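Presented sequentially are two complexes of chain A, the first with chain B as partner and the second with chain C.
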Partner chain A sequence: MATTKAELGDSIRERVRCALKQQPQPTVTVLSSLLAVQDAIHYLPDEAIEETAGFCKASVNEVWSVASFYTNFRFTPPGAHVIEVCWGPSCHLAGAQGVLAAVQQELNLFREGETDDRRATLRYNTCLGACALAPVISIDHHLKGRITAGDAKDLAGGLLVD
Partner chain B sequence: MSTAFEELTNRAAGRWQELTDGAEPWIRVGGGVSGQAAGSDEIFTSVLESLDRFDVSARVSRVGSLGLMYLEPIVDVTLPGGSRVFYGNVTKDIANQIIERHAGGGSPVTSRAFAFEGEKTGGLEGVPRLEDLPEFRAQVRIATRNCGRIDPYDILQYAAHGGYSALEKALFRMTPEQALDEVKASGLRGRGGAAFPTGVKWSFLAPSKAPDKYVLCNCEEGDPGAFNDKGILESDPHTLIEGMILNGYATNSNYGYVFIRHGHDIPIEATRHAVGQAYEHGLLGKNILGSGFSFDLEVALTGDSYVAGEETALMEAIEGKRSLPRYKPPFPAAAGLWQKPSNINNVKTLAYVPQIVFNGGKWFKSIGTESSAGTAIVCLTGHIKRPGMYEVPMGMSIREVLEQVGGGVSPGKRIKVLQTGGPLGGVLGDESFDVKIDFDEMSKAGAILGSGGIIVGNETVDVVDLIRALVAFNQYESCGKCFPCRLGNTHMLETLDRLCKYEAKPADLKLMDRIGESMKLGSLCGHGQLGYNPVASALKYFEEEFRVRLRVTQPEGKSTNGSMILPTRTRP
Partner chain C sequence: MPDNISFTIDGQEVTGKPGQTVLQAAMDSGLYIPYLCYFPKMKPYGACRACVVQTEMGERKSIVASCTTPIAPGLVVDSKTEQVTDLRRGIIELLMAEHPHGCLTCHRVELCGPQDICQRHVSVTDRCTICPKNERCELKDTVRSVELDLRTPLNYHRRNLPIHTDDPFYDRDYNLCIVCARCVRVCEEVRFDNAITLTNRSGVALVGTSRGESLLESGCEFCGACIDVCPTGALVERDYKWEKAARQVTTICTNCPVGCQMVAEVNRFNKVVRFIGDLAGESNNGQACWKGKFAYDYPNHKSRLKYPYVREGGILKRVTWEQALDRIAAGFGDRDGSKVAVIASPRGSNEDNYVAQKFARSVLKTDNVDTALNLTPRVASTLQKRFGSAGSTNPIWDLEGSKCVMVVSGNPTEEQNVLAVPLKKAARAGAHVIVIDPRETELTRYASDWIRPKPGTEHILLVGMARTIIDEALEHKEYVSSRCSGIDELKRSLWKFDLSAVSRVTGVEDTIIREVARNFAKKAPASILFGVDTVPVDLHGALTDAILNLSLITGNVGVKSGGVFPLYAGANTLGSLDAGCSPMAERGTDLTVEPGLNGATPPPMRDGVADLFAGMRSGEIEAAIVMADGMNPGAGPLGDAASALRSLDFLVVSAVFDDEVTAAADVVLPASTYTEQTGTLTNLERRVQLIRTAWTPRNEERSGWQTFASLARRMEAEGFDFQDSGGVFEELASVVPGYAGLSHDRLEAGGIQTPCPSSDSPGAAMLHAEEPDDDAGRLAIVPLPFIGAAAPSSDLVLAPGRVLSQPDKPVQVTRRGDMNYLHRVEVVKVHEEDAKAMSLMEGDAVEALDDHGSRLAVGVASLGSPQPGLISVTTLFAEVALGMHDADSPDPSPRIPGLPLQPVRLVKAADLAAYAVSSD
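Right, the complex of A and B next:
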């Protein structure tokens, strides 16, 4: 039996509620709630915005204003794998543009977002924090440093097949 | 001494004894953000596999970072009662050899070892002492003293190295005023960029009788090229926690927040775990060690926003809102987080405090220069032989740091440009490399020490292209509140883009100057006020490179079209 859209929405809602309730820190805010939801389901569907508003006793507008401000929030589900490429100055000097171009070519994706088959999500990052090992990329939140354009091409290609 | 603290130090001494002189070898694998990027997770797994394969029993710990990022992944072995031997750039094969021959067979693999520490025991011919390595000899490690030495997840290892002794001293043998006086006497200045005297800042908060006062620690650290805040948190989070409790005690405040950027999981997890452990040991919470002083601490996360590192924007983010800077006054000491009196300090600043309280302000003042006491924790990246995190005394020249500590650039190349103080800090040319690392000296030379990031560029660097990358960062990260910053950065980026594509007109340089002036005058926080710095400093040292772009059309044979791949975004 096919799942209806309403049922799918309900299960997302349930996961969002769970993430909201399970925040471990004493101070719970709109921002902390959105981060908790994004950590749990990797994006912020409309249900997350509504539930966060109810949970934090804020308006949907207020929640959207926060969600649209911080650049790590995403509003569509990510692909099966996420590749992030750093373009900060340390990585820039070490050849980040070449790495980024190689990843774009390999994924055939020339902006941030998902490949057509949704196997991979490409993101640009301003600093992944391992500048001494520039250029740095991250694959599924695991950092890899001292990357060449060739390495990046292979790693990105690997995401499309496995 | 409180009995609870005595029990902690006794257990800590026992733990250290057991680790360094117990029944089994102790293997430490470097971790942290840089370690992971170098492959240390995989090396940790292969160490465990090798132990299994060769049937060697040993204790294995993940430690933070020694600061020698260029040697990561680093693995070291301490045989019971023996010296600690370090191996760098470890591969799976090397890990295998280390386990089989050193941890299992008892003889160090000297051909692979880069240093040792402790008593020189047999079989270490030709291996230098850690403190004799050129990049170690120049260092004075105060805030980073434990980094790479102790397991950040074990409070006992911190306590075994004098951890929480400063807190015990302050709580039982000093009044809050005396603790504050030591910080004042130390001459400590804020390490986040503004270099404001820490003791003076604390003394704005201390007299307030408000029931709720907050002390905040800033580890937003979005500066590309700086990773020392994260480096301290992932390697030695208890140093920061002790510093924050002391900040609370000295200013009669009872609640603290450590503010970290979401996504930096390694320092976040280490800090959260350490806070939990401090609670378990009665070092946080009500009536700390039976002293009557209470202090609570939690970790708060921000989403990705560079401006969230600005002090008032950070408070907005902790309150769960968009991280837009507030108008000042009122200043944080009067109305900060939730409009309550607050103090905010950088991780590095607070990490010095336990040593200052324990050894006295005079001791700290004796290190460094007259106007800038103590050390600078610098992060060297870019075209340098030994990228890493190093703690050097204030007063060393930048050139000395680059050469003695960083090992200089690759042979046959010369250093052309330095980018210091984060993307708003601007660049330095050759004539400024002899300036001393000192807040005032650097500021006189037009440079910002900022959070300590020094990005090195050799002669192959195209300065205009580098400046475009910096301005692109600033444009992307403008919070959008003040239009001179939001639009000014966008226009400046467009102009630099034209320059890089050889499409600019001579009037464009003047245009950037006017935009920069407007940004300086019309922006609320440093992001806009300092936003013209990269271009202004580059024009000062490298004007000819800009002029060439105006005279020449695209040089023949250049493979690129001068474009840069960038996310384009303007915050509404």
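Right, the complex of A and C next:
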């Protein structure tokens, strides 16, 4: 029997509940709960908002106000790989614009987001903290420094095929 | 009390109370500092900075927001220096960059009338006519007061946000929102619903709901508080959205016994177009509810009855009042007093009810007179007998200071909505909330202890709590010995209430009963709100006795933030009892003009309005006068009221609309509504408040007292020559002891709580506040017999619950036409034993059917009902709100279904797919 969407929803709900319960720190807040969920399943599905509301005895709206305030929370599943392009001042001076354009062209994206096949997610980053290696990109949280537009194009293209 | 603090604002000496902010003190002394995000009776927020002032304290000079700066002795505040006004203009200019302001800058502002067609001097998105609050907007006044330079064009960036018009009652246009967060804050800190919130941040921050969902899902109770505080046109009532008020009339809402003071806005065509909670209202503190906010406009309806009618040959024929009165006089003729009845309107004023009962007793010679919603006469009479008043012992807003609140068998968040506002406030401040109710209501969410006894055993549970308190010596001994009598008799009667027996009867574990009793006894002051929604009629008295005992032994009567609050149904139940409009008024008092029985013993009095209807069904009562305004003629607590009325030989109905009741009538009289009369209502905290005339009747409508007085005069009775309702009240005040100090003139300034024995008495906020002088003044604790526990029926009982939101249960919002609707599969909670008996598995589809086979609930079975025989379902409040929004009836609020327990059969449903929420 094929998994129905409802059953899948339940399994997400279970995973959310687990993540909420397994928070190690003594003080549990809406914010810590949302972070725990995002760490566990990499995004905040609708179920996360609802379950966090129940868990923290808050209304869904309060949880949403916290979740929507922070730009690092995401509400759709990320792609299989995440590529982040730094556009901080150092990288910008060292040619980040060209790098970004190359990545966007390769991934066929015009802004931050996921590719159609959900293989890659592009995110902008204001500083990856490695200005000495500018321009910098990060692929699945691994930094690559002194990158050229051509390198970036190859790396991004590599994400689309396994 | 610390002394008042004096300081100066703009060179003027101002005094304020300690703890006030500069802005509050300025407002209290009539000085104006521009402000936007501040709102009276809410916490200062300091978001908009429009209220900046310069303060000087010794050497220190600073520019601060006056709404968040506390006053201090010697503080020098300057709100008009050039620096401050420049700063303020800059702040407002930034604010206006995202708010259309054609209404300020257009050169035709002074030339156009409010209803004129735009001359197109301003771009479409910026025109004054696109704003529903054009001409009545607070933002515009504030901006004008800062004297912005409006000659150079200001920027306007339109955000192009969608306008939300698909939820009941409200229109939300966030293009007009200035994100002052007043609405979010009132929802959070006053109503405790958090149905709306601030979303996103910085430049795109906006008021909204979680994931932009409908208000139906977000937990909105549709109280309209957000609309009342909105300074712009972003939040408005959909009905009469574009209407401008020609004048404002302060009046009282007639939908429930809280008696909220409201400001009714009336337009130039004499239509009431808005109802706004009055901040000066002592019973509601500016709050209102969905009924008060959105069910006020029935007086405007075009289908109102305008003239008297008499039925001839089965058809109602229009006649003059004189002809109608002749027909009524003939119809009653010399019928025996025991065969007639007068049913007064639950919305009727004290004046109406007083004249109604006077008419019944002195003209019809009967005690058969009651209001249609006096459904709990035993509660009222027990309170009256033991505490001297059927009202609450404490004022409503005392509740916010309670440390423990117990709610028994009542649903105040729906039936007496604003009463629950201070209760929720207390709960948020840490008060211990105990809910004793088999149904899940909104308050159970706030409850620390939610006890679900078998229906009909609530009073035994309460006595069990009293037993624990006595056993563990937790009673307030000093209070009991100085103020009460009868404690020893109570103790003796408690021997029968062995906790294991109590536990067996109520189905609640004895450890839990002990725990709750300890919580209640140890947290003082504690108040009790009690209804009888789940209690059989014959146990109403026992329940009331148990509650009053519990409150007395714990020393909570006559104590601030303690006391008991009976949850009545009708808007003026208490007032009508005071006015004697009840068959249970004590014989021999001034009120009960002794029926002329020529010395014969009067027949036994009937037991409230339910008994009157029973008398109609059985044929003992043959003729009746019914005031149908605010009555629920459908299948309500009175049974099928309309069919009982149809069985009468002669029926006179005074009604606002043509409905089932008028269809059964022989004579129909047009009734005036609350907008067309002046009168008084007494709310459940004994506050007598004035309804004021908004317009004189347009046609031949007459109010209750006018109808009865003219009928009495036609029937040649004396003592009915009243000039106006003030005159009626004068007579009422001379007869009813607690009203002696009241008059319409005095009530003009605001409501006064009875008893108010003299014209210089301020009224009694709290009953029994003083220690008694002698033994006669002591409050009696009565012994309690172990009665009740009606024979266990084999039937299952459905306990319907209703809450604002259940985020963990899937709900689907579907659209029909322009509106959102809810679609959801319910969870039907069944006890394990019952499930086993009918071999029901968790997850099976089930239907609950009533005697007639109509479906009351359908859903997925789930084990977990607390009592065998009890089935519970919890639905969403939004469904009721939608029901009222879509109602066909021009006056839907009396017909809103409550949450009565109902005997049901449970059957397996063949196919749940028809009801299922599709997962897409």
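Going forward, the second predicted complex is superposed on the first by the 162 of 162 C-alpha atoms of A that agree within 3 Å, B and C clash if a C-alpha of one lies under 4 Å from a C-alpha of the other, contacts with A are read in each partner's own complex, and residues count from 1 in each chain.
By definition in this document, contacts are C-beta pairs under 8 Å (C-beta built on N, C-alpha and C of every residue); 3 or more make two chains touch, one makes a residue touch a chain.
Keep in mind the model is a prediction, meaning the values are calculated, not measured.
Novice: Looking at A:His92 after the superposition, I want to know if it touches chain B, chain C, both of them or none. Which is it: first, second, both, neither?
Specialist: first
Novice: After superposition on the shared chain, which partner residues are touched by A:Ser32: those of chain B (first), chain C (second), both, or neither?
Specialist: first
Novice: Which holds for A:Asp46: it touches chain B only (first), chain C only (second), both, or neither?
Specialist: Only chain C is touched by A:Asp46; chain B is not.
Novice: Looking at A:Val60, would you say it contacts chain B, chain C, both, or neither? Reply first, second, both or neither.
Specialist: In the superposed model, A:Val60 contacts chain C only, not chain B.
Novice: When the two structures are overlaid on chain A, which partner does A:Arg146 contact: first (chain B), second (chain C), both, or neither?
Specialist: In the superposition, A:Arg146 contacts chain B only.
Novice: May I ask you to decide whether A:Phe69 touches chain B, chain C, both, or neither, giving the answer as first, second, both or neither?
Specialist: both
Novice: Chain A residues in contact: does chain B have more, or chain C?
Specialist: Chain A has more residues touched by B than by the other partner.
Novice: Where does A:Cys18 make contact in the superposed view: on chain B (first), on chain C (second), on both, or on neither?
Specialist: After superposing on A, A:Cys18 lies clear of both chain B and chain C.
Novice: Just to be sure I follow: which residues of chain A are touched by chain B in one complex and then by chain C in the other one?
Specialist: 65, 68-69
Novice: Residues of chain C touching chain A in their complex?
Specialist: 193-201, 209-211, 213, 218-219, 805, 807-808, 810, 919-920
Novice: Going by the contact rule set out above, which residues of chain A touch chain B in the complex?
Specialist: Spelled out, the residues of chain A in touch with chain B are 25-27, 29-35, 56, 65-66, 68-73, 86-94, 97, 100-101, 104, 112, 124, 126-134, 136, 141-146.
Novice: Quick one: which bits of chain B touch chain A in the complex? Just the residue numbers, please.
Specialist: The contact residues of chain B facing chain A are 33-34, 36-39, 41, 69-70, 72, 221-227, 230, 257, 262-265, 296, 298-306, 317-323, 379-383, 387-389, 419, 423, 453, 455, 457, 461, 466, 469-470, 472-473, 476-477, 479, 564-567, 569, 571-572.
Novice: If we count contacts the way the header does, which residues on chain A are in touch with chain C in the complex?
Specialist: Touch list, chain A to chain C: 4-6, 9, 46, 49-51, 53-54, 58-65, 68-69, 75.
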